[in-house]
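What follows is a pair of complexes built around chain A, which joins chain B in one and chain C in the other.
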Partner chain A sequence: MKNLSKESILGLFLVGLFVFMSLFAPGFLASSNLKNMMFQLPEFSILALAMMVVILTAGIDLSLTFVASLSGVVIAIALSSGYSIPMALLAGLLVALACGLLNGVFVAKIGVSPILVTLGTMILFEGINLSITKGHSISGFPSAYNLIGNGYFFGLVPVSLVIMIVLIIVTTVLLNKTKWGRSVYMVGSNPIATLFSGINTSRALMWVYLFSSLMAFVASVIMTARYNSAKVDMGSAYLLQCVAAAVLGGTQIQGGYGKVIGTVYAVCIFQILSSGLNLLGVHRSIVDVMIGVILIAVLIINYVSSQLEKRKSIKEQAKSVA
Partner chain B sequence: MKAILKSKEMSIAAILILLCIILSYLSPAFFTFSNLTDVLKANAVLGILAIGMTLVIITGGIDVSVAAVTSAVAVITGHLMIYLPDSFLSLLVIFLVAPLCGIVFGLINGYLVAKVEIPAIVVTLGMMSIISGAILYLTNGVYVNSRNFPSIFIDFANAKILGISILVYIFFAVAALTWYVMKNTVIGRSVFAIGGNSKSAIRVGIDFKKVQMFVFAYMGFLAGIAAIVQTAYIKAIDPNGLIGFELIVIAAVVIGGANILGGRGTVFGTILGVILLGVMQNGLILAHIDTYWQKVVVGSIILLAVSYDHIQYKRAQSQLSNIKVEA
Partner chain C sequence: MKKALLLMFCVVFFSSILVGCVSSESAGSSSESTNSGEKSSDKIKIAVVPKLVGIPYFNASEVGAKRAGEELGVEVIYTGPTQGDAAQQVRVIEDLISQQVDVIAVAPNDSAALTPVLKKAKEAGIHVMDWDTPADPELVEISVSQIDNEAYGRHLAQILVEQMGTDSGDFAILTGGMSAANLNLWIDWAMKEVEENYPNLNLVTEKVPTNEKQQEAYQKTLDLLRAYPDLKGIMAFSTVAPLGAAQAIEERGLEGEVALVGTALPTDSLPFLENGSLDVATLWDPEKLGYLTVALAKELVEGKMPTDGQDVPGVGVIEVRGKTVIMGPPTDFTAENAAEYNF
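Here is the complex of A and B:
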């Protein structure tokens, strides 16, 4: 137990939760429920990964879900006015990247703190979105497009789930095996030392915000395809849940530490919790309460265990002195 | 004099005055007594919360649970009011219970931030999730109507002194109280000391944890008062009415010149930020600009304000380090 990392403990908790829900929640293992969970998981986990990478640099991206919904709306408008799917996707991608660039310029080049920048851009993107859509939802896509959200590979694995797994692997590789990925962690733990060690921190930060907007774009494609419509508040419920998932997954909110697998575990835990509690007949809003309680409880446990360890090491020191 | 002119409050005030001149040119309805007091009345809740948030932000913290706490206190006092008799004492009870509830919520936040050392954004995020979930579960999102309130509360809500709503006076009383606390009490000065340089502040003997507890408790106290004002303003309890409001509060504080990394910020600046947001919203309506564009304008102003602020700050810092010593 002692040699297990934070993430493995979370993984064990996930397995335990899954077993618990399978035993006690009626119909948890039914194919319809499992299918639902598999379809809901990708958009959430892709957004959470984007948030995690930003948090690694000691930042936060409050505009994340609004980038997603803005690019979703652009895709929807392009599709419903008859452009081909690749063209529409390209338009959505460009919009998302433009949003990411805006965040990146303010954070990386000007150096304003990320929470303020993304607070501003969040309101800005929401406003642009509202002025385009007037709050209405846009629908009417070709059925080929909806396959991204509802289709299966080989009639078994959802397309969106495959996209999610690919992105999880890509993010892991990017963070651990590339120069950029390592610099992301370094910027998060000590930006000044990183700068003095010869790394272009502002370029690294710029790519972080571009990366997160790219992920938001993918999530928006999956969401629009699944709902068959796009709307201004699409995915906005995920915003704070993404921060919660990253933190529960062991990512330090002050930056510098965090693992992809931890975030993925946390997202799965939230998904199982909300589906399972729903099946158990627990009110939807109690799930929010549970998420908050878990978030705070995990951090209290972290604190208590670090306090205990400190005390232990002091005792050991005292012993060795004696 | 030069220092006053160069201060950040002056530049916000200048923008505000410019905006007012443009608006009164565009719409004759803008520069009227009733419209201006309406702007103040409509933004009293925002103002009260923003003043509390200023203190939190000065110490380098943040509180995203304010809107949830305010709603929670409003729901609690609203349901209490149903049982209260129609007498002056009930008003007193409300004014005791609401701030107390707020302080309790604030102390929970403060305890977790100061003693358990969880980052403020995570604590308040979690609290927000818990509180708003609990409110929704308990109330089912159902309104409480003003018909259930004691009529003394309705009288209070409609009260006017010199033609100005009592809610505006509450807002200014809160501002005056906070200004006094920040200026003339030890704990108020400690707030600035912590924000300016927490390490040196701790070295000179300021109890960081105590200050953090105080700041969050004070935020809760103001959230309690804001809950009363909100209830009096809309004359109903809407459990969902303030969702997302915390970000507007933070925006007002930031526009008012407080630095999110701590250390800087004034009550006066925040009030200017609140009024700027309020006037802008009012002006866009009066100028017949589509309300959908409001958020675009607000978002752009936040971006401009924070980056202008940051560039100024960086310039000041680089001047600091370039002091040449004459031999």
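Here is the complex of A and C:
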């Protein structure tokens, strides 16, 4: 246990949970249930990754799901008024990037705290969305578009799942192999030292918010395609679940530490819990309770283990001094 | 940054190649689902999905649905999202398809968003119904409606005029959410009634959304009373908006001057009805609605469709128009009779 990273422990927990549910939840391994889970995962995990990257910089993006629903609504309007799919996607992408840019300017250039900025833009985007849609849902897409959310590659793997896997790999590479990725972690752990070591922190932050809005855009494409409509509160329930998933995945809320794979494990754990407990006939609200309990438990374990490590290192230091 | 851009480019490139391989539907998915559609237990399983769980209205309908389950000998699964979010509701229904229930009766948060998943349910051999709020009419076999929407909307306008004591003056409308299909429908009919029969009534501002929250209804009503001092009446739609509005009217001491009518449960509204801040609440019995939904679902599995004028035990005589079943006329709750109801 000692040599395992936080993420690997979480991975083991995930495997254990999967085995447990396979044994005890009736029909957990049935193809229909596995298919459900494959379709339910992508939108949530893409949003969670977006949230994680923001949290790495010691920020938070409360406007995330509202960026998604706003760009979804724009796509929906474009599609239902007869524009081609690429044009509609481009419009949605531009709207999402504009939203990200707005967040980025306030956080990176002006230096307002992210929670305040995104709280404001969350209400702003929701308001814009409401005034466009008047709260109605917009539907009526060409069936080719719905394939993004409901179609399969080679009749086996959901398209949305493939998109998710690609994005997981891209995010991992971006965070670990690029200069930008390094600077994201550095900004999160100590912005001032990072600035003084010659890194343009505000540019790095800017890209973080653009990245998260880009991910929100992809998630919104998947959601609108899957639900065949766009609406102001689409996916709003995912907002805090994303924060929860990032934190459960080992990302430090103070920024500076977090791994993509941890967040992916956490999202899978949420998914298996919710599907499995449902098959066991557990009431929805109890599912929420369980997720809350697990989250708190993991946080306590993380806290205790980090305290223990600290104490150990202090002792060792004391020994070496003596 | 160059590397990042290059990567992005590669992703776009590869995905565009992969797009070519997308197949229309899952290979053999339909045959698989019919295979797994064998029902394991002999008891009929009926899933009733509300817009969300944990609010008084849907708790009351849960009681009715469960009671129907016991009395009629069917298994009732009452489950829904914990927030009124269409995406969460889709997940709940997908999970129910995995559980291989016989009937799914849903009160959609967003009917368009449910169309793909309800199609999936049908393909898996599950009967699909809606209740409380209509879903895609092409997919459902029965649509259980608590009320005739037109009659109900007009009724609200009429009782407002009755309570205002005059058919001229300013009034305002509070609504639970801008996107709630049934609330919008009633408001539209209420406005039609106003246009046709009470042309001197003046709606001061567009309908005010209150997010299905009492606190917000209270706050927004205070704002309205401040902004429009000549306000004579308020119509509040959603089961909590009338309560919040009543709180505001009570606080400002305007019980005699501002008439308030709305769609609220009698037990919740009793204190406000008694102190005069809320004049009339009008609603149907949600418990009966839950009961009726399960009763009709059971008959659907047994191959019986409801007929016009049918007397459903425990509910009463129902009206049937095509697929739509209408439970009956609304009940008005006032200070005199509200205490007699237990929901």
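Operating definition for what follows: the second predicted complex is superposed on the first by the 305 of 322 C-alpha atoms of A that agree within 3 Å, B and C clash if a C-alpha of one lies under 4 Å from a C-alpha of the other, contacts with A are read in each partner's own complex, and residues count from 1 in each chain.
By definition in this document, a contact is a pair of C-beta atoms (placed from the backbone, for glycine too) under 8 Å apart; a residue touches a chain by one contact, two chains touch by 3 or more.
Everything quoted here is computed from the prediction, not taken from an experiment.
Colleague: Please tell me, clash or fit, for chain B and chain C sharing chain A in the overlay.
Modeller: Superposition result for chain B and chain C: clash.
Colleague: On chain A, which partner's contacts cover more residues, chain B's or chain C's?
Modeller: C
Colleague: Tell me the contact category for A:243 with respect to chain B and chain C: first, second, both or neither.
Modeller: Touch status of A:243: first partner only.
Colleague: For A:201, is the partner it touches chain B (first), chain C (second), both, or none of the two (neither)?
Modeller: A:201 contacts neither chain B nor chain C.
Colleague: Touching A:123 in the superposition: chain B (first), chain C (second), both, neither?
Modeller: A:123 sits against chain B, while chain C stays out of touch.
Colleague: Touching A:299 in the superposition: chain B (first), chain C (second), both, neither?
Modeller: first
Colleague: Contact-wise, after the overlay, does A:113 reach chain B, chain C, both or neither (first, second, both, neither)?
Modeller: Touch status of A:113: first partner only.
Colleague: Scan A:57 for contacts with chain B and chain C and give back first, second, both or neither.
Modeller: Touch partners of A:57: none, neither chain B nor chain C.
Colleague: For A:45, select first, second, both or neither according to whether it touches chain B, chain C, the two together, or no partner.
Modeller: neither
Colleague: Under the stated touch criterion, which partner chain does A:173 make contact with: chain B (first), chain C (second), both, or neither?
Modeller: It touches chain C, and chain B stays clear.
Colleague: Looking at A:278 after the superposition, I want to know if it touches chain B, chain C, both of them or none. Which is it: first, second, both, neither?
Modeller: second
Colleague: Using the superposition on chain A as set up above, list the residues of chain A that contact both chain B and chain C.
Modeller: 130, 134-135, 283, 285, 288
Colleague: Give every residue of chain A touching chain C within the complex, in rising order.
Modeller: It is residues 27, 30-33, 35-36, 39-40, 43, 130, 133-139, 146-147, 149-156, 159, 162-163, 166, 170, 173-174, 177-180, 223, 226-229, 231-238, 274-275, 278-279, 281, 283-285, 288 of chain A that touch chain C.
Colleague: Mind pulling up the chain B residues that touch chain A in the complex?
Modeller: 62, 112, 116-119, 121-123, 125-137, 247, 250-251, 254, 260-261, 290, 292-300, 302-303, 306-307, 310-311, 314
Colleague: If we count contacts the way the header does, which residues on chain A are in touch with chain B in the complex?
Modeller: It is residues 60, 62, 106, 110-113, 115-117, 119-128, 130-131, 134-135, 240, 243-244, 247, 253-254, 283, 285-293, 295-296, 299-300, 303 of chain A that touch chain B.
Colleague: Write out the stretch or stretches of chain C touching chain A in their complex.
Modeller: Listed in rising order, the residues are 1, 3-4, 7-8, 11, 14-15, 18, 21-29, 32-33, 36, 53-54, 77, 79-88, 90-92, 94-95, 97-100, 110-116, 124, 177-180, 184, 209.
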